[in-house]
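Think of it as A, B, C and D in the order they're written, each chain with its own count starting at 1.
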Amino acid sequence: MKDKLVDAEKAVELINDGDSITFSGVSMVRAPMGFIKEIIKAGKKDLYIIDREPGMDFDILIAAKAVRKVRFAMLGFELFGLAPNFRKAAESKEIEWIEDTCGAITNAFRAGASGIPFVVVKGILGTDLVKIHEREGTWKVIKDPFNGEEILAVKAVNTDVAVIHVQKADRYGNASIEGSRFEDVYKAKGAKKLIITAEEIVDTEYFKKFPERNTIPYFYTTAVVHMPKGAYPTACPNYYPPDYDEIRRYLSMCREGKVDEYIKEWIERR
Amino acid sequence: MAENVDIPEIHPADIMIKAMAMEITNDDIFLHGLASPLPALAMHLAKQTHAPEMVYINVTDALDPDPNKYRLCFSSADPRHAVNTLAIVELLETFDLASKGKPLGMFLGGAQIDSRANTNLTCIGSYESPKVKLPGGAATAYLTPLVKKLVLWTTNHSKRVFVEKPDFITGIGYEEGKDKEVTVITNLAVFKAGKEGLILKSVHPGVSVDDVVNNMSFAPVVKGEIKTTPTPTENEMELIKKLDPDGVRFSEFKR
Amino acid sequence: MKDKLVDAEKAVELINDGDSITFSGVSMVRAPMGFIKEIIKAGKKDLYIIDREPGMDFDILIAAKAVRKVRFAMLGFELFGLAPNFRKAAESKEIEWIEDTCGAITNAFRAGASGIPFVVVKGILGTDLVKIHEREGTWKVIKDPFNGEEILAVKAVNTDVAVIHVQKADRYGNASIEGSRFEDVYKAKGAKKLIITAEEIVDTEYFKKFPERNTIPYFYTTAVVHMPKGAYPTACPNYYPPDYDEIRRYLSMCREGKVDEYIKEWIERR
Amino acid sequence: MAENVDIPEIHPADIMIKAMAMEITNDDIFLHGLASPLPALAMHLAKQTHAPEMVYINVTDALDPDPNKYRLCFSSADPRHAVNTLAIVELLETFDLASKGKPLGMFLGGAQIDSRANTNLTCIGSYESPKVKLPGGAATAYLTPLVKKLVLWTTNHSKRVFVEKPDFITGIGYEEGKDKEVTVITNLAVFKAGKEGLILKSVHPGVSVDDVVNNMSFAPVVKGEIKTTPTPTENEMELIKKLDPDGVRFSEFKR
């Protein structure tokens, strides 16, 4: 196994302007916020960010002008309201966006992990999302070759980069997601480059002792970054809950037009 | 119905939770997604009362979280909701259950709802040039054609929500001839969706049929007996308060 | 959760003559041999048995005249040679058989678990298996709707029954496969009825303590049977290795024409 | 080549293991399936000598089993082969790697092999009325078109194995223009498959080119220098013996 432990500044070089990227987590849980900060610091541009149900990770990248295009099934702050910077950018057409649905985007990630070019999914037919995606070239209504019925084909998603925050990893890239995995394992296995950020760097013996906890084996991983509190202010299960106050502070500042100030202060904070 | 005398001080949130719980039977598998405090509490309530064997799956990927250690948080995906779970069940696996035709029920919201219980969660105005870009439908488009029970909810029973023609069809409501029951639960009333449209089933205590009808852009079906929506019993209220001591369930009503 | 713990005689009633069935394990590992014995004892007939790389489980069911049809990617005894009863029955056309390939049958199980009607797979095109399966109606060469290239569509496999031997289960049907899982989780999740046989019945607290070890949650399970040494003479990881001597004794008796004697003795042995 | 003087007493199994190991480089992911004692040992040998970072995946779903605690058993799926594994990697996941075009190498057998290294593992005679129903191709049909390295082996270098036209095409061998290297390793020699057919690369110590050619139903390509297949070093023999103290690797030769 190769040693893949690098610092964040080094790992962020794996991302090119214009890349498609997906991130771990859902809403206020296990988003790789620490690495999002590095992407902003590095001044990455024109990213195409793709996820099932993102939140602050997407919104702040949009606010930082790092994003060209967004794909998601839901993007907001749950009970705290809409995503202010996404909404503004979408309504003013500063960014492109395509709405997905959980069952399609998660299947697209799973198909990407499986190495197949597309997957058929049930449901969805009859909704207005179909024409949006047929125009985009991401979905197509086809006939089941066995019974002739209409069914939706969804193109696999294999992003250029996946950034996955985990609880434990070793320096070779074996990584353990504890608790809810969401689609993160599929995102990781389907991506062309995989950056793991981890709360803790553990000895490889940990995985030999608990091989079933090795949710992403080393051969998928391009780089490992040790990043304690790397999901903050979103949660990292078994480590810390979401910091709702901090997330609300972000939203308040955004609504007051002070998002640049928030980002500046956030970047300076260690 | 409006001749209220001694209706207890009960919040619409709690009435809605009870109404939601009543849609759940012992043989169901129920799922809730993000931004779903009322469904989360309804599922716990059902499981602790009339539907103990109901399968409880949620957006934290946790199966049957322990109600005795549960404390409702602002994010429905908060890992603290996964307390004492029996298994990690990826959301995708729940979608697979829906595809396999298992008895899955789902709670979903709707920014706009029409008389067939079709929903819009995508945009106000056109998709290409939205006046308001909403957060998006999440699982709506995928699940609404697949579930056996679709329970829509809104805390904002109004003409803005109940519209003639949604700006976008994110979710499919009533589908004739399909094994799929569609219920709409609002802060005023409970409907079932049918061939004829949204059929008013009950109004909440203190609410009149006129209150219900006058706050919709289309006419619901009002026929036969319109019941009063049952309110939680004292025991049920205790369970709700124990699960949500911080009153997160009221957040949806403040906006 | 419903109590699903029953004895083997009761669980075997879930199987109807003519059913399609799949079994856990591969070759000489974690085949549900104890339950296979029950199927034979119950005199089940006309079964259509489907698996990736079965061995003694299939061969002995064929010897016992319980089988109408066989589908597999490889069926034999590795270094110990061909499967004598399968070979005899296939060559004399007493049973139907269709040869599959690991990548197709495992994907068919995974598609069955996913609830999709078919899955596309790479590889396989150009081999003689394609025409066999197109005739059977299990595969079809289609065009990728996005790029027009030829690709193979494989129909999902959802068997009537799956019998999965696990290390630990509770009486409600939560089940833990330790070590190699093969495709057993997919087989279990895709089957119409699922019979779990388990080395140990554990308290449900076990799964609350280690939720990630719950590889097959209770709601998939139709019946649980407590069956220590339920995989013997094949292996059960963490419990016992394969009994190579016993497997060789079976093969010797088969080759001497004494398979009926072996089965009789095996059934009488507890 | 046949002028053997002091060729050490070395079993063809060990020569084949060494030849197989030499096909593995540090950047490869290699998989072995059932009934594969020689590939299993070759993978360990490569990983302990020239290819320490090779990814070792096998039919026990185990990643990088510990060579120091490994003891070769009769079934390649024996759980004892998974000793000290780093992770459970389902076989299906390895197939996914192949589909994604990762640098996967696979060892496969062949009951019949033709001059393009196409293989038959399905039946002798017709599929519908086989003279001999073979065990089946396992992963052959799926993997042979997808892998970057295909290493075929047979311990029975004979006219019966090397045939003009296999009775059934279970696996695809050489494919022009594809990033795929095809090697055939027998108890007598090593070949690479190419446009012109099976190209003889080396013969094992004590074996003549005639021995090789006369035991095939078609003519291999014999041109340029034909080397002698290297034999394991003393250190390599020690490693092999340590991994297989019971001599399971010789089983394939007894049949």
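We adopt the following convention: a residue touches a chain if its C-beta (ideal position, glycine included) is under 8 Å from a C-beta of that chain, and two chains touch if they have at least 3 such contacts.
Everything numeric in this text was worked out from a predicted model, so none of it was measured.
For the pair chain A and chain D, chains touching both partners: C. Averaged C-alpha coordinates put the centre of chain A at 37 Å from the centre of chain C.
Centre-to-centre separation between chain C and chain D, using Cα means, comes to 28 Å. As a whole-number value, the distance joining the C-alpha centres of chain B and chain C reads 41 Å.
Shown for chain D are the residues in touch with two or more other chains, namely 62, 88, 98-99. Multi-chain contact residues of chain C, defined as those touching 2 or more other chains: 107, 110, 114-116, 121-122, 212.
Screening every pair of chains for touch gives A-B, A-C, A-D, B-C, C-D. Across the complex, chain B is touched by residues 1-2, 113-116, 158, 174, 189-190, 204, 207-208, 211-212, 214, 217-219 of chain C. Listing the residues of chain C that touch chain A in their complex gives 107, 110, 114-122, 137, 140, 142, 144-147, 149, 151, 153, 155, 178, 212-213. For chain B in complex with chain C, the touching residues are 29, 53, 55, 62-63, 66, 84-89, 93, 96-101. In the complex of the two chains, the chain D residues touching chain C come out as 33-35, 37, 59-62, 73-80, 82, 88, 90-92, 95, 98-99, 121-122, 127, 129-146, 168-172, 248, 251-252, 255.
Of all residues in chain A, only 26-29, 52-53, 72-76, 78-83, 86-87, 90-91, 93, 97, 99-104, 106-107, 110, 121-129, 132, 179-183, 186, 235, 237-238, 241-242, 244 touch chain B in the complex they form.
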